[in-house]
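Below, subunit A partners subunit B and then partners subunit C, in two separate complexes.
Moving on, here comes the complex of A and B:
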């Protein structure tokens, strides 16, 4: 072996620093900042996706040359992530957005119901 | 397995068996992505349905969650360093960094168990509401994966102490490193979607 003679793997150090910075940024946005809730959620979700990318590409050897791309089945990874996105977005779309679960006066879950009720009633009347 | 064995490149990729095993493990990870997606979807749909139990806003504390996140992020980094040492043929470095990774993993688990016990004391348990069922199943499945990973790593450490670096042992360590980094990916989403959003909304 002995082809990686570097004592410290720079890409790992950079990846670690990046993930620490992004975690702190996300925590700051959620806890300290005065941004509107929608923007906070968009911002921290983008940071989470970027951090996942750091792990996958900088730590998990997905694109390294020595091993010929790391034997990663790209098509299956793509299908896994696509299925994940469909599952989460689809569940939220069919189960939560635009529906009133009948918990009036209950805590939580009442932010988007009323503004979206009107147009969603027509769409989902077949259910 | 195919007889051709490469003379260069990382040990774990030199045989056909090694490459196919790593490929198979990536397929397993793709399936894990889908498993966790179902749990995230369940959690998201049940969000806010806390019934008479406390709300996440009341219970989640930024401090402990950040500590857990940093423990896991650091363990992912040290796990990467362990594989780097393995690639340099340094068994001692590999074992040292792997033990550091394990220690950080146990730290994470300790905080998670403390957190769960605390929530149950406050009246939020698996059975108290739909929301908390979703929460405990999602976070608990991740915690179970971390627990399994620590046991797996201990067994591999025993094996490498006995056999040294071979095509087979380095492949096994490479695969547990993929697993460990992957658990960090899942945790980033739990941290963001469960804890941070739970503290915002």
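Moving on, here comes the complex of A and C:
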């Protein structure tokens, strides 16, 4: 709200552009690229970490010098990461744990099969 | 696409609705033009950033939505009491229970409570407005336009019909083609923006804008409940946003997140939905607890018993609310171990809730209770809510849940907690703070009539449903001509109409009080029983709330102020007050985004893209708006305060 001397917040503009580019890269990796599925997943994970870094350092107050780091929302960041952990671990726990009603053996095998199918479908849409 | 493909045709009820909508939408502009009120409406309301006016608009919209959701409920009850009448067909019935649930939770309960928070929280903490007044206006318009988008579905395009939970695969593109489900997705997405923004806004307001000296543990309990609720909103709503976005991409752009076709996971929707959905029920119940705490302390005329325990139990409830979501789908088949874990975490929630119940009882113990209308609602809440809570623990036992799941036992349970908790709180809070909003109280006699009719209607309606559920009646069933179920269904329908009657008396009371009630002269409207800062303001509250902000270093500061004969006003301390200017950008921006959503509903991409570009353009315009607001001069404050205080 208060007027600042800098009219264009360059940090925010660069951060905005970076986050858009990384989102597009992730979409490209999933839809268009010919990378193997494992690499697509690794690539998207790395992009996600970078994305979180961009948000924290270019938009939040991680680098704010005036307050001597006093405005860094450690509390909220902790809760955010805790919730993300609950989301991921909780989903894995409820969605995959205990679903083996007797047929233990082919669980892993089934999984691999899925991956291959994914791969081939990716190829089709790529062409 | 011709006009007949877009409009819903072939239903007498819907034709009647169309006619009434057409009449209302002609009548409103005609009346506005006739009374020359367009300019007033635009300047005073549509462009306002004043938290009190925005709160009033929230509450009015919520009452409208309560009427709409209530009509849905009555239609369902008529169908269930007279299943052979052919009143509704199965499709129409599906649409009605879907819209009933969605409207009541998303467009009634939350906006009503957010409306009360809007008006009361800044007054309770001695603030002059929200931290971000512009954002607050944007939140309201995003909710309002989202709600309208959802509501036009029943005349244009067809209503969603996959239940308020919108489970995939039923709600996916293959099984629910057409715009119906899209209305659900876009309506919720649009109004969700507003809810999330309000969560952040109120959180910052409470953390940063409290009166000098007021520590967190000096805050009124309603403000505390709001703060805790905001934390839940900020952490839970992004989950809904993502889930809705994924399903939208599935339906409109042909992805397969929730379809088995390309290795998607339909059950993941239920998982994500309830990861938001369970915190959501605490979003609508914690503020209710806050309202009841305020009212009980006020009319028991003593400090709330166990204030610290009350606060900590709310915080524990908020934490636990993120750890119980699986109890909504125990029967999905996640296995005994997973279910046991969530069964135990569910039962744990009963502990802090029980602490709160005992604290309310202890506040009432040996006090001189004044039986005003808000107090009646609050006293009725305690036993009624316990009935809902205890049956909730029953449902929380995973093994037993296999019997109760999807039966009317469940329906009775969640109506007992949501109506006896949230709806009672909305009525109680509205009546309690009504003088602060409109400068006069609601009529007590009519208010008591409304209360007793609604209260008995509620129990007659929902108590039989426990037994219907135990007799095996499933929910979402439109033909129920099983002879054993009929008598209880008829009783239940009678109760539902009782609630409708209670609502009519309540609304009539609004009109009656507007015409006849005595205007308030002091700010401390309830016989001088007010305990917190909102009662220290004059009535009507000046637009800047506090001419001089008081110093607060205790709970219930207004009690001591009154004992010492002080007010918050100190003429020697007056300084010019910095206030935000009214802006048209919130309503214009959300109108563009509403248009974009409407385009996406019908998959008209040019419309969607045009709306999005418009929305972004307004955002850019807003970023270059350097209007810092204006200052109210000391002379003007003096004039307003002298008039209000009769000095």
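To be clear about the criterion, the second predicted complex is superposed on the first by the 68 of 127 C-alpha atoms of A that agree within 3 Å, B and C clash if a C-alpha of one lies under 4 Å from a C-alpha of the other, contacts with A are read in each partner's own complex, and residues count from 1 in each chain.
Basically, a residue touches a chain if its C-beta (ideal position, glycine included) is under 8 Å from a C-beta of that chain, and two chains touch if they have at least 3 such contacts.
What you see is a predicted model, and the numbers here were worked out from it, not measured in a lab.
When the shared chain is aligned, subunit B comes close enough to touch A:30, but subunit C does not. Residue contacts after overlaying the shared chain place A:83 against subunit B and subunit C alike.
After overlaying the two complexes on the shared chain, residue contacts for A:93 are found with subunit C alone; subunit B is out of touch. Of the two partner chains placed by the overlay, neither subunit B nor subunit C lies in contact with A:14. By the touch criterion defined above, A:51 lies against subunit B but remains apart from subunit C after alignment on the C-alpha atoms of chain A.
Contacts of A:42 after superposition on the shared chain: neither subunit B nor subunit C is touched. Of the two partners, subunit B and subunit C, it is B that touches more residues of subunit A. Overlaid on A, the two complexes show subunit B and subunit C touching the same residues of subunit A, namely 1-3, 79-80, 83, 87, 90-91, 95, 101.
Across the complex, subunit A is touched by residues 231, 235, 239, 262-263, 265, 267-268, 271-272, 275, 322-323, 325-326, 333-338, 341-342, 626, 628 of subunit C. By the touch criterion stated above, subunit B contacts subunit A in their complex at residues 8-13, 19-20, 22-23, 26-27, 29-34, 36-38, 40-42, 44-45, 47-50, 55, 62, 66, 69-70, 73-74, 76-77, 79-81, 83-84, 87-89, 174, 177-178, 181-182, 184-185, 188-189, 191-193, 196-197, 199-201. Residues 1-3, 79-80, 83, 86-87, 90-91, 93-95, 97-99, 101, 114, 117-118, 121 of subunit A are the ones that touch subunit C when the two sit in their complex. Within the complex formed with subunit B, the subunit A residues making contact are 1-5, 9, 12, 15-16, 19-20, 23, 26-27, 29-31, 37, 40-41, 44-45, 47-48, 51-52, 55-56, 59-61, 66-68, 70-73, 76-77, 79-81, 83-85, 87-88, 90-92, 95-96, 101, 103, 107-109, 111.
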